[in-house]
Amino acid sequence: MSDLVRRNPFALRSASLLPERLAQHVRRTATGVAADGTMHVRRIAIGIALGGAMLVGAACAPAPAPVSGNVTVDDFGDTLRLAAPALRVVSLNPVTTELLFALGAGERLVGRTSWDLYPEAAKAVTDVGNGMGPNVEAVLGQRPDLVLLYASESNRLAVQQLRAAGVMTLTHRTDKIADLQRVIPIIAAALGTDAIGRVIADTVAASLAAVRALPRPADSLTAYWHIWDAPLLTIGGGSYLSELLDVAGAHNVFEDAALASPQVSMEEIARRDPDVVLAGPNGAERIRTSPNWQTVRAVREGRVLVIDTAIVGRPGIRMGEAARFLRRVLVDSLKR
Amino acid sequence: MTSKHWLLLVGTVVVAVLAGVAGGAVPMPLGEVWAALFGQGDATQVAIVRNLRLPRIALGLAVGAGLAVSGTALQATLRNPLAEPYLLGVSGGAAAGAVLAVTLGFASPLLLPIAAFVGAALAVLVVLLVARAVSGHADPRVLLMAGVVVGAFCTAAIMVGLATAPENSVRGALWWMMGSLGDAQWRSVRWVAAYVAFGIALLVLWARDVDVLALGEDAAASLGLPVERVTRRIYLAASLLAAATVAGAGLIGFVGLIVPAIARALGARNTREAIVASALAGAALVVFADLAARTVLRPAELPLGAVTALIGVPFFLWRLRGLK
Amino acid sequence: MIRFTEVRLRYPAAAALAVDGVSLDAMAGRITAVVGPNGSGKSTLVRALLGRMPIEAGTLTLDGAPLAAMDRRLVARRMAVVPQREEPVFPISVRDYIALGRHPHGGPFAGRSAEDRAAIANAIARADVGMFVDRTTEALSGGEWQRVRIARALAQGGAAIVLDEPTTFLDVAHEMAVFELLDALAREGQAILLVSHQLNLVARFADHIVLLHRGRVAADGPPGDVMRGEILERVYEWPLVVSRDPAVGAPVLVPLRGRGSR
């Protein structure tokens, strides 16, 4: 194995040129594959891809989305104008915080929300409060030149106020898989790290495709994902988790609901008769002990699966990992 | 009240129960519903009918009867046709108790109703103490004003709680406050039903005293009634009865306000008749409202408090027209 | 029957006494009237009888027994009070309303005993309200409502009836009807204690008048003794004369124009 790498100097060099975080990620993704000999090929393939990307990136400037004079329009319809790559960034969205570190721009992050605790290094960054309806004063206090926000209506006012204060903003939806694919290059461009951005985007896409390519856990596996019990909330077809289930090889029983978090009734769940019920640790406990939930066949037959929401919570660069984890849980449940 | 009216009331309750069992988010042919009642048929359908619908209906009957009787007793005792249990601190206290529990992290299905009940009971006692401190005795007008003041204070406490509570639990607290029979389970419905039955029995026992109180304080004193003591005990009994319903099903407004008016419109001649008639009418109303709440926008469920308000407000306006 | 002996009454947290050493005796078979200007303490006496005022000094007795020590239900069986204001908040039939007068007699589930029914029928007859027993109280005129309230008081079965301003808002016909009823009841042996500002009718019907002035008794005795110009002018602080009405032979108060006016 090591002689293969040695024979490819580009792989080694480019591997050491990569920010440590991304290399780690790549390694983990790579080793996630079953140890059946495809490891070497995969490592080399990634190494070549990365090396090639660096060369191409270095050789072909300007990058496809140049920072100076770009006319990116974000999901709020605002135009991004940056004279130079952003140097002080406040990220008001856990997804973009994680992305920033992956892009190697972690040291440019000067503010994060209270919920952004991944990666570990993010904890050292100043907490500026809520990501939805943020404290604009606290954000401005960090003197950012770019603020990344989540496209929720509760952030409209903050965007106006930040722009009025002369600070650039990028506001995006980060609800679904496709959203992330769209956002990565835009943010990478704003930071001047286009090449790494492309690599990350490709890696994420590849990791998802890899999980999709695996054999389905069962011919037709239906699942109910329990989000909340007062009121009863689940994931609809318009949500990331529903997509994730699809990638992992199962079908969301409430996929026909257009909302991201539709409210449902116990009777309806029982009628749709999912094969498994997924829930976080607290929710699973409540489901198992509640007489009302016994109405659902999957609960009666003991097929309530615990999902650690920290891993699968939202779209991010670790989506592939999340999908893989989910699939493993589903597969394991079928073995019982 | 004529026997025809009694028959109408009882019949309405029976129809409500039948409709409640047969109707729901999942359409079921009547034959299957009947079979499911006896445990036959598809296991899921049996579970739906027996574990979901029947406890809900039982809870609805108890809550409706409790709120209506509480309203009847309070309106007569406070000599105000617009009085209802929620005006006297019950709803504010219960909601404040629930939100406090949620903020502190005790939001389990067991602890939340207890926190709500304790909150309501405390608010009721505070109202009584405030009224006594202000006027030296349980003067009905002062009770009502103290109730409004305590309610306002509770609202402020709720807002503080909601602003500082973790985001997910806020949604749960708000949902609970909008009222729902969705958590009905036999083991908890039993308690609520027993409590409500006891409360109603107590008020039936004291119904004659309420008749006398309704004449006015001086006339009641002339008839030998210990006005202060009787006002206090009826106020407490009626309020705690309402508090139990709130603990069981969240805030369901207007029932305590409009059902007593319905009972009187049907011809209830004295408090005893009004209590029994209110219990029947209130039980039927809540069961029907719950049926609407869970079928109109299926599979989503409307908050029960919203449905009773939608029924109650037009009825209330209609009654206001008839008042001189 | 009802006797006040040097009674002093003070409203909670008030600086001055509302009633300062009043003594009066309302005996059976006569009408005793308490009169006086506004604020002289008349209604306060009734509150004391209802048990709603603390008695600061003096004694208040019913048939010789101190009222403060008696069970209120027992008091209600012996003495009925018709207060100044009484408005049932929900409609109630006249018959049921009169029947409530039996409340001091029964327990919570006591049905109507024969004694109750007899007392109710008796009350209806004596107050002459038989023709509207099936109406609701809201459908009565002022005068009819007053008679019904007296019927309720009679149904309580006691020998004493206390009335606080029973003829306010009544026209002359109804006023006379009420006073005639009270007169008839007194002839039958009831002790009637009446608070009123209607001096002229009181002068005609009362056997004994107690005139209050700022919480104290300014005069008491038969109408002839109390209805005197000097006393009344001093108490009511208004120029007036008292003459004798030839038609009925009773003293009549005639207020004059105020000083400073033509």
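By letter and in written order, the chains are A, B and C; residue numbering begins at 1 in each of them.
In this section, contacts are C-beta pairs under 8 Å (C-beta built on N, C-alpha and C of every residue); 3 or more make two chains touch, one makes a residue touch a chain.
The structure presented is a predicted model; accordingly, all values stated were derived computationally and were not measured.
K.L.:
So which chain ends up in the middle if you average the CA atoms?
P.N.:
Here the chain at the core of the arrangement is B.
K.L.:
Sort the other chains by how far their Cα centres are from that of subunit B and give me the top one.
P.N.:
For subunit B, the chain whose C-alpha mean is farthest off is A.
K.L.:
Per the centroid of Cα atoms for each chain, what is the distance between subunit A and subunit B, given in Å?
P.N.:
Spacing between the chain centres: roughly 46 Å.
K.L.:
What whole-number Å value describes the gap between the mean CA coordinates of subunit B and subunit C?
P.N.:
Measuring from centre to centre gives 43 Å for this pair.
K.L.:
Hey, how far is the Cα centre of subunit A from the one of subunit C, in Å?
P.N.:
Whole-Å distance between the two chain centres: 86.
K.L.:
Can you list every residue of subunit A that touches 2 or more other chains, as numbers and ranges?
P.N.:
In subunit A, nothing touches at least two other chains.
K.L.:
Note which residues of subunit A are touching subunit B in the complex, please.
P.N.:
228, 230-232, 262-268, 270-271, 273, 286, 290-292, 294-297, 300
K.L.:
List the residues on subunit B that touch subunit A in their complex, please.
P.N.:
That would be residues 24-26, 43-44, 47-48, 51-52, 109, 168, 171-172, 175-176, 180, 182-183, 185-187, 294, 298-301 of subunit B.
K.L.:
Quick check: in the complex, which residue numbers of subunit C touch subunit B?
P.N.:
Contacts found on subunit C: 12, 50-52, 71-77, 80-93, 96-97, 100-101, 103-104, 106, 108-109, 153, 156.
K.L.:
Would you tell me which residues of subunit B are touching subunit C in their complex?
P.N.:
Touching subunit C from subunit B are residues 75-76, 79-81, 136, 205-209, 211-212, 214-219, 221-226, 264, 269-270.
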